[in-house]
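Same chain, two partners: chain A is paired with chain B first, then with chain C.
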Partner chain A sequence: MAAKLAAFKAVDPSRYIVYVGFILILIGFSIVLRDDGFLTTRNLLNIVQQTAPITVMAVGMVFVLTAGEIDLSIGPIVAVSALISAIVLRENFWFLGAFAGLLAGAAIGAMNGLLVAYMRLPSFLVTLATMGFLAGVARWLTDLKSVPITNDTFNGIFGAGTLFGVPSLVMWTIGIVFLGHFFYRDSRYGAHVHAIGDSPLSARAVGIKVDRVRFSVMVLSGACAGLAGLLYSGRLHGARYTLGETDLLTVIAAVIVGGTRLNGGVGTVVGALIGSLLMGLLNNGLILMGLSVSEQLMVRGVILLAAIALTLRETRT
Partner chain B sequence: MQAAPVPQATTGAPVLGLQNIRKEFGGVVAIEDFSLDVHAGEVVALVGDNGAGKSTLIKIICGVYPPTAGRILIDGSETRFSDPADSQARGIQVVFQDLALAERQPVYMNLFLGREAVTGPFRRLDRRRMIRESEELVRGMDVRIPSAKSTIRDLSGGQRQGVAIARATHWASKLVLMDEPTAALGVAETQKVEKIIGGLRERNLAVLIISHSLDQVFRLSDRICVLRRGVQIGIRRTHETTNNEIVSMITGLT
Partner chain C sequence: MKPRVQLKLTAIAAAIAALSTGAIAQTMGPGGESPTLASEVTLTDAEVQQIKGMDATAALLWHTSSDFVNAVTAGAEDEFKRLGIEVVATTDAGFDSAKQMSDIETVMAKSPSIILALPLDPTTSAQAFKSAVDAGVKIVLLSNVPSGYVQGKDYVGIVTDDLFQMGKQAADALAESIGGKGKVAWIFHDAQYYVTNQRDNAFKQTIESDYPDIEIVAEAGIADPARAEEIANALITKNPDLDGIYVTWAEPAEGVLAALRAAGNTTTKIVALDLSEPLALDMVNDGNVVALTADKAYELGRTMATVGAYGLIDKPAPAFSVAPAITVTKENVADGWKQSLNREPPQSVIDAMK
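The block that comes next holds the complex of A and B.
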């Protein structure tokens, strides 16, 4: 009995539950929706593309949560970055617009980081405040008007284009997950992110610059949200203050379900990718099933709760 | 306060010199006027009852707290560590009483934290090497740990202490500060740690060790320094003093 329990504990269920859930939901929808074109390459690729901004933000969030912080401001960062790049793109070539959007995201992240790391304020409250502030900025920037993007190069790179036959949004997903995974798992920086989220005191005692790492994860998260903004506006050929509005919950759910701990020190980038694909799958399947928006919301809420309960139950040992 | 004549080892500038250290926590005096030299190849024991200020002193030396007043000299030159990172860079390692391990990380990451081994043009973490070296290190300590890949949280108190000691003794090149390093250890493990401390002396490192076990203090140390409620009571050469004298210095009773 005890041996059985130990063996069960050794296979940390929160690590694998996302893969099991992913496959179960995939199979479930494949059966239920077999006549609705769910299991076509086109639909599946479509899911990956639609999920790209979520995946990118989830990668940033894995770093933030692992460092023991949180970033609640990613939603409005998406909107502000997208709007700024759309405004710059009116009169400039694609790179300048993209750069401005990314820079805006990183700069907002840096502001969060300054307050969190150097003013030593809790990230939960700082980014809650930033979230409100930026939601205002996003509305004020263009007076609630959406800004179309007519730059085809930009829309190709961040939207409907392809590279070597692969849709660019899929490319972005692969690239960001690959880079994120490398830095998270295989770099000294990643090791330090784990350490400061696990025990800031011991990290400091071995000479890790805790404040600097804390600052950097907030910048990273801001930059990821900025990139997500570009990916939205590239796909939609325009920016609007509502972009990213409901993404915070989805991103955090994807990351947590993927096996990253809310209380720091433990996480996975690949899990976060699967987590966000799972969210995309749900979204897509529920729409194909013909559920109304209100029904979708309820089903998604219940499934999320179930997934979170399954994942986090193990934490308490 | 008039300090008693302090016996000191004879050669060279001391590795660690503490002069008139004072520490207040918001007006409460934790350490009053503390002076001590520790030389290379010497083991000095710091004893005193709970709350005497021993851990506070170690945290001042390694840069966790700044002293309220007084001077810290390393190899004879005055130093001010604003961060434990600074003291590490100078070859000083600490085994903290509260251990300072990252609990959700594996043993090998803890042993290499802040000094991770990397390989190749992309500077990838060299996990295989860290695991191999950790296993050797831990085996050398005689602390039985399931594997270098075990998570700290899954280890016993003694195993954790073993990891903390292995880390400190491995990276130190000048001075090791140990705050009750064997408090959680079994008999055999304690013997092993004492042997390791002997090995540090042979490597010509300076060691400052806090311990509540006077037997251990007498086995290990060259000199014994007594603190009582933040006041330095005195320093004795270990082979010139007795258990009774130290006890009465600690308690203040004769």
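The block that comes next holds the complex of A and C.
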């Protein structure tokens, strides 16, 4: 009994605040919007599907933040990857289009990684610069024109398709979160990422290849943003230079609300998923409540502030 | 038939069509549709009664939030109220195609009978609106149409402001203010966006064809309105003797005005599209701003709601309805505000007029 009590006391409540908040908001909306289609399977699946690209980017961001870095360039990576895959798909097999988009994301991440890990430049400034550069590339690639995607296989795999009745965007969410969670918590790589975020000097002293891990988290973040670009373009059956433009703050908010620390060392992939779903839940519920756009923004801001305050306060204690 | 002859015949046919409808020939629909005046889109008393008994609902899925959108919303909401149609949701996609698709999916949970929306981009909007089309929602489009969509089948009708006239009237107003000759700059919206592209090009086309003594000596595109001031600074530095500047819409024009003020420039004239309090105040105080051209946004919203109601009762709707443009100067600022946004000008402007 005493052992059970001790184990119970050892549980860190800060890690569960976001889950409790999420469930409370879900229950709140379910009561208020009981007659407005909120609790239908279709609407709840919509929330997961709509947040799939944010969730995928959030998983990459958890690794980056835990390693004590940040990636501000994910928004335009989404657009560049989506456009490149759409261009390649005009005349090629679906796999080539998807591969090209993912490769573009990873390659941009590698460029960021080289500058951060090997040139020793701060990731905040490097990715701030590449964010601007890539926004220009996205506009220049097709001269602002949208590129339609008519490849049904691609659109099915990355957009509106289903497998055994489960929408593909839900499958992507589950798959990426599962993989991310495993590598983050249970692999040697994840342990290295944590160690570097805690103390790069100590990590180096115990033989961790700090530069290589820093490089890799930037590549991972770029690849995740590239995959998010594919998910957006598959969903919309086309790519456009504005895709991902407004996602950066949503992704960071989702990750922080989920319990990942902005200055490294601590994080959670499942928390990031919950944070991302929370953002989608708020968007969805506030629209269904029939609020005006201004009211939606204000209410969302207040709820997010409360969630962040709770998460960060508990983390500090 | 030789292409040039064919072109002339097409132009004559368009002119005849324009005369017969009483509309302006130049603003054509995204698919080349001829315009119908918004004032011709009406419902009979019997039709109003029929619609009132339908318990219909509507959702407003906007592309952004602005004074213009507020006025369109007000016009639509007033008309929906008159018709006994409840507005169940309003959204703002923030110019993001993916967010617009999410908004549509979310709103479909409330099964609205009518959707009023501005599709952000023809290519990606085709998929974004598909769930609403499949569910048989009566969709009324503002200015833009998704690729491959057919009027009467996928959507009820398009309503827009008279984009060509807005650009043309801005050109006429600027030309008049500088005596029909001089050097002007053209600050356009550097994006693939039907509404601003049409208006910007109409200004340029009018100056080039109607005003041989006016030269466009500088062109600058803006993608981010917040950067308008620095773009204007560069323009003024390179061309200190500019007589006039056209700015694509009000928000960047406020930045251009700030740049002129900072440079102590009181002679270069500004024309811009859409109404804005700071610009109107400068205009009333005899500053750099000489005219603002605007659309009748409230009327546009009313027309969209009425076209939606056409869809409910299967009344054939015009493919492309146009709300007229107006030029607002110091002389007609109060009336212009009323006509465009259906409200009085801001108090600061009223005070400055006294």
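Rule of thumb we're sticking to: the second predicted complex is superposed on the first by the 299 of 317 C-alpha atoms of A that agree within 3 Å, B and C clash if a C-alpha of one lies under 4 Å from a C-alpha of the other, contacts with A are read in each partner's own complex, and residues count from 1 in each chain.
FYI, a residue touches a chain if its C-beta (ideal position, glycine included) is under 8 Å from a C-beta of that chain, and two chains touch if they have at least 3 such contacts.
Here the structure is a predicted model, which means the values were calculated and not measured.
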Which of chain B and chain C A:A191 touches, first, second, both or neither: first
Partner chain(s) touched by A:R300 [first = chain B, second = chain C, both, neither]: neither
Touched partner set for A:R214, first chain B, second chain C, both or neither: neither
Which superposed partner A:A205 touches (first chain B, second chain C, both, neither): first
Residues of chain A touched, compared between chain B and chain C (which is higher): C
Which of chain B and chain C A:H181 touches, first, second, both or neither: neither
Residues on chain A engaged by chain C in the complex (per definition of touch): 36-38, 40, 42-43, 46, 49-50, 53, 139, 144-148, 159-160, 232, 235-240, 242-243, 245-246, 280, 283-284, 287-288, 290-294, 296
Touching residues (chain side chain B, partner chain A) in the complex: 64, 83-85, 88-89, 94, 96, 99-105, 109-110, 113-116, 118, 122-125
Chain C - residues contacting chain A, complex: 62, 65, 87-92, 94-99, 101-103, 105-107, 109-111, 120-124, 126-128, 147, 190-192, 223
Touch list for chain A against partner chain B, complex: 182, 185-188, 190-192, 194-195, 198-199, 201-209, 261, 264-266
